[in-house]
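As written, the chain order gives the labels A, B, C, D and E, with residue 1 at the start of each chain.
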Amino acid sequence: MKKLSWFLILMLASVTVLSGCSSSTPANTAKPAEVIKIGVIQPRSGPLAVSGEDSYWGTKIAIDMVNEAGGIKGKKIEAVVADVPNAGAAQNEVNRLIQNEKVKVITGIYGSAMAEVAAGICNRNEVLYWEHISVTDRLTKQGYKSVFRMHINGSLFGEQAAQIAESYAKKIGLDPTKATVAVVSENGDFGKSIAAGVDAYTKKAGTKIVLNELYDSKTTDTSPIVLKLKASNADIVIATSYINDGIDITKKSKVLDYSPKIFLGIGSGYGLAAYGKSLEKDAEGMIDLDPTSTPVLKNLDPNMAKAVEEFQKRFKAARGYDSPTVGYLAWQATWVLLNNVIATAGGTDNLAAMIKAAKELDIKVGSLPTGAGVKFDESGQNTRAVISAMQWQKGKLVTIYPDYLANAQGIMIPLPAWNKR
Amino acid sequence: MLSVQNVTKRFGGLAAVKDVSFEVETGSIVGLIGPNGSGKTTLFNVISGVYPLTGGTVTFDGRDISSMESSRVANLGLVRTFQIVKPFNELSVLDNVVAGAFQRCRNRDEAEDKAMVAMKMLDLAQYKDTLAKNLTLAAKKRLEIARILSTDPKMIMLDEVMGGLNPQETEQLVETVHRLHELGITMLIIEHKMKCIMELSSKVIVLNNGQLIAMGTPQAVVKDPEVIKAYLGADYNVESY
Amino acid sequence: MLKVTELSTGYGENQVLFGVSIQIGQGEIAGMVGSNAAGKTTLLHTISGVNRVWAGKVEFCDENITKMTPQCRTERGLIQCPEGRRLFPSLNVLENLLIGSYSKRAKPKRNKSLKHVYEMFPILFERRYQPAGLMSGGEQQMCAIGRALMGDPALLIMDEPSLGLAPIIVQKVFEIIEQINREGVTILLVEQNVRKALSISAHAYAMESGKITMHGTGKELLQDENLRKTYLGI
Amino acid sequence: MRSFLSHKKSDYFICAAVMLLLSLGLLSSNKYTLDILITTVYFCTIASAWNIMCGYTGQLSLGHGAFLGLAQYTSTLLYTKMDISPWLGMLAGGLTAMLLALLVGVLALRLKGPFFALATIALTTILEIFAVKFDGITGGSVGITIPYNPSLGNMIFKDYQPTYFLFLCLLALVLLTTIYISRSRLGSNLVAIRENDLTAASLGINVFRNQLYALMISSFFTGVVGTLYAQYVLFIDPAGSFSVIVSEKAALISIIGGAGTVFGPLIGGILLAPTEIFLRTWLGSTYQGAYLIVYGVVLIFVILTIPNGIAGTVSAYIRKCNCKTEQASGDD
Amino acid sequence: MLLQLIVSGLLLGGIYALLSLGLSLIFGVSKFTNFAHGDFVMVGMYMAFVSYGMFTLTPYFSWPLVMLGGVGFALLLYLVARSTIEKSGLNQILVTLGLSMVLQNTVLLFFKSDYKSIPATFGSSIKLGTVFISTEMLIAFVIAVVITGGFFFFIKYTDTGRALRAVSDDRAASKLMGLPVNLLDPIAFCLGIVLACLAGALLMTVYPTTPTIGSGYNLIAWVTVVLGGLGYLQGALFSALLIGICETVSGFYLGADLRQAVYYVLFILVLVFRPQGLFAGLGMKKVKR
């Protein structure tokens, strides 16, 4: 037993030393800040790793590009990268970045659970938290001073989606007050907050929702959902899905010969390259609502256009496919953070200056590749984030709505029956 | 003390024990013998509550225990050993016996004392800290007895505790059983070694094919032609030996 | 045919067999008697190769098989018909029989053996598609013997073939054992039915506490006063 | 191994020594170091609580996440909706976890081996599905963010030292309970059941009732430490709370450290929790998932080579030495 | 509508049958508790994906490759797990949990975490009265039926199959009878894992895959095996079909987010109140403790 206790003590000591080491090595970098450190956190393992990795590359490319252009005021940006697959890891890694790496700005993170934790800690430690994707409304509704979200929040997303649905309904001669809408959403925070937004807007517009169905995105067979849609006989379907279930819903719609007048997919489920790749011809005409991933370069400011082009090239080189929406969102959020916030504030040392710089941002809609602008409200939510409608045409995703972002005309509205496509 | 009346146990269609009745008087040692597969161990299992019985009643100390769980039967003071020894292998000998002793004690010191008494009685004290799995078979058999002994039983049922022991070990164990008996513990013993049964028991019950075929003093039972037939074969000529 | 020399083995740290030596000649029936837990089944399992040998030697047809796997032994015709039948209850009778002829040795003779077994036990033919678990004890024993015969045994080890059977069936089992022996199969018979076992055994051993305590011809043992004492423990 | 039943003073001594050593962490104010320590102590505590049931009775539960999650939701809802202090919520959480344990025990304790494990996994998943479904109460998959209002009454602190201190107290409490149980009748009964439930019953041990007690004690502590962790992270969601992964980790930590020993889970936690963090920091940002490969390989290796865990193997070794010296000096 | 649901469920159940048959076989023959079974489905999906990527072979043609790969993975599992066979089931669970972690993350390392899918070969459906049947699913189902049939033929009428059943009935007696148990173990592993991989390959025609997809299939496989009665292969087959139907029907009538809860609850109830499985008593012997 004595030996056991010695063993224990030895182990404890070694652990203490280990943790001491890891906390002391970075502390050596207390030399005058030749670099500007930024914490970059994304879920790069675990179930959210797909988009986490894409958004990581968006951020990384933005930082590389700024550095290659000479950095900010001559200082290079150093990204301190951490893998944050869950809330517990967020707690740990954010503390590491703040305490040991001494970063003053953290950007990330895609997943909403991690965003909640990370934002809370950043706010408490007076570190700027710059969220580029997570859509949960609540993130910016807790009175956090130093938390900003570049992306649209869930309820706005839903509202805009419902708006788009309304405009298409009008286009094909449906009376919005008489049209019926079916909403199916994955039961995660993403689907739920969007469903709530759609609900709120349709109530205002007087459109009737005939089906509001939640499902588990891990589900393997979506035929019950499609059958429910079919049974509801709605004119317009708004479906929020991840990729797996999104593909399956489309496949099952074809199998079960279901085509509503208008089918609007939301989120990564209908916009990722994998969707087009695995459905091939059947993807034709499907609409995805999301910030656009096919920016119209000629509409952008020439400098921005050049930067976007460079980003597209690098992303393709790094990942082997064109950047999906999350890549653009991460890239543009980081781009704005570096060039407009940190550069204006003159570095990351002064939080108040950064917050002021962020609050004073006034970038008009359409200036960023996804069509967004930047104007933060009091809570730190970007009010000029927009979504657009993209459509699969001839195996490619093109933007068809709103007009100032469109690079193609919408086709197949209303959707023809499957055997006529 | 123990009264078994018309006990029957069936597995599916097969009757392992058929309509067996007998009594074990307080303070006596009763031997239970019979060829392999005659249902002795099944009878033990039925009495101790491991299997529910199909028919009949079992009364212990004035209480009907026919449908009691084995742990409650044990709590009443009727405990048994198993034919194939089942020590708690990964525990020390002391802990094995303490597990039994704890059924009657509140705290550990008391339980350990009680366990040590039982262990001394069975010559196990020197193996106190040995893991049970490292004991010899003979010691394991003694451990089983020590363990049930430490639960302060009124009656114990021993299932072939002499089996597999050499004559010397058997001799010692017989002596030990005698000592236990002197403490006033009633016993029901399954045993193949007739010598031990003859030495120990005042009454012998013989089972064959699940049925009780003879009951009486050991001397009478070994001369019973039915018994000899059951053991040595149906056409064994009784006169020929 | 089978020669076991100074065999010791056990389970875990417990030694069960202490230097057991037996020898069985070609074509004979060897009997082995002994009380419960004397180590008989352990010995048979060791001969069949399921138990590891601690010390000693097992030779079969002048070949050292001490370290062979059970299936190698079956290939050489050393077949066991285990205690308690041990049929495969969810397989039907025919399948149980076929399992017996899994070895390369027995497979080519499968049809012949099957015919032979059916002739010997017509009941098995009648019940060939019935799950083995649903038959009576006697039928199961027939099936078990049949299964062993399917393996084309040179030496057939029978562990308590009369266990738990009605007297009339026991009689039949012993007749069958003698019949099998007449057909040229050497038999090692472990029996609790001492009288019967010894009366058909050419050679017999008595075992107690993991040691051979007596051996001689079956008759000798049967008439030996000590056997009764040893066996009954009086 | 498992000689713990006969050691008393040394157990308390080791316990005190370990707590003293761990409390050195209170001297640090670095939140990262403290977070590692908190995470470590958190996993040590969960694993120790798991050990009370599963290590001692040999039933593999992969559903302690159910107890953890239920308790977290109970205390958090009490706090956020009814403004009841987490100090009370903690107790309430522990008690609800215990109630769930009672239900689980009555239903599932008669199952053995993989089936108990599967039933507990299924239970955790069912609770997760319900937590997502009934979003009116639970907030659904979005989870609940606990507002950051630091005060003693809210069990939320500006610095990490008080939280760490609370975790240490809880760990000490669980360890002391384990030591107490290991010497009590319950402990003796439980190991007897683990070794052979049939024999245990034949001695008069009520297998079901003893296992149920253990499960309830174990779930209580799991619940309590879960609520404390919720007050630390200030966020709960169904996926994180009702997580099979947490249950698996508790099991693996216990088993690698040595299930059924007082200090096994502690050793496992102290070794594995920081290792996981360091591996993630080291490999996570370069090779996706690489740290989990390393982790998995280590697990397989440990389970195949030292199935009794570290504590088990060490004390078996000690026992061997003791036996030798005893024989040499010829005492007894 | 109900008919449609049942048909969809049946088609899905046909594929589930493959993975649960494999699990049941390994559990029956080697008494090995495999908690990584679902991950082999995942591995099968990736093998089908790779064969498509490298040789543009659809799973309808790449199955020999998948089988070959499955044998490799089965031997890997056997190698890792061999020493735990006939020992504590606890260690088997833990080892396979560890293996599951390694498999998932190795795949993650090589393929990243994106959803991988292969384009539909047909993507059409057949209309039978009011019921639509997906061509993909139908073909996958037919293949699954053929494989299942072949499997049952193998297990019923070949010597090895009989031997496997014998070992599953009574392992110790099989050793006594001289059956090569040490050889039959890896054979059972190979068969079981190959079936899981084939199920994966067939699922690949319909669903995309990702490294973590296996855990769900693992639970489904176990649910089916328990519902069907342990080690009772026909039971696993029936309950796989039942689970498939249960999924679609409850998904439609109770809500798509509760469908899993339905069969998990069913699973717990069966475990607790009818541990011998739903179909026991049809001339089958009870599971011994």
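Here is the rule we use: a residue touches a chain if its C-beta (ideal position, glycine included) is under 8 Å from a C-beta of that chain, and two chains touch if they have at least 3 such contacts.
Bear in mind the structure is a predicted one, so any value in this text is a computation, not a measurement.
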Starting at subunit A, fewest touch steps before arriving at subunit B: 2
Subunit D reached from subunit A - shortest hop count over touching chains: 1
Those chains which touch subunit E and also touch subunit D: A
Chain pair, A-E or B-C, that carries the greater number of C-beta contacts: A-E
Mean-CA-position distance for subunit E and subunit A (Å): 36
Inter-centroid spacing, subunit C versus subunit B (mean Cα positions, whole Å): 30
Whole-Å separation of chain centres (CA-atom averages), subunit B against subunit D: 42
Sites on subunit E at which at least two other chains make contact: 105, 108, 112-113, 255, 257, 260
Multi-partner residues of subunit A (at least 2 other chains): 45, 49, 53, 187, 214, 216
Residues within subunit C bordering two or more other chains: none
Chain pairs in mutual contact under the definition given at the outset: A-D, A-E, B-C, B-D, C-E, D-E
Subunit E - residues contacting subunit C, complex: 159, 162-163, 165-166, 169-170, 172-180, 182, 283-285
Subunit B to subunit D touching residues, read off their complex: 48, 50, 69-72, 74-75, 79-80, 82, 86, 88-92, 94-95, 98-100, 102-103, 105-108, 111, 125-126, 128-131, 147-148, 151
Of subunit B, residues touching subunit C in the complex: 14, 35-37, 133-134, 136-137, 140, 160, 163-167, 192-198, 209, 222, 231-236, 241
Subunit E contact footprint on subunit D (complex, rising order): 58, 60, 107-108, 110-115, 117-119, 121-123, 125-126, 129-130, 132-133, 244, 248, 251-252, 255, 287-290, 292-293, 295-297, 299-300, 303-304, 307
Residues of subunit A defined as touching subunit E within the complex: 45-47, 49-50, 52-53, 184, 187, 213-216, 218-225, 227-228, 231, 243-244, 247-248, 251-252, 254-257, 272, 274, 277-282
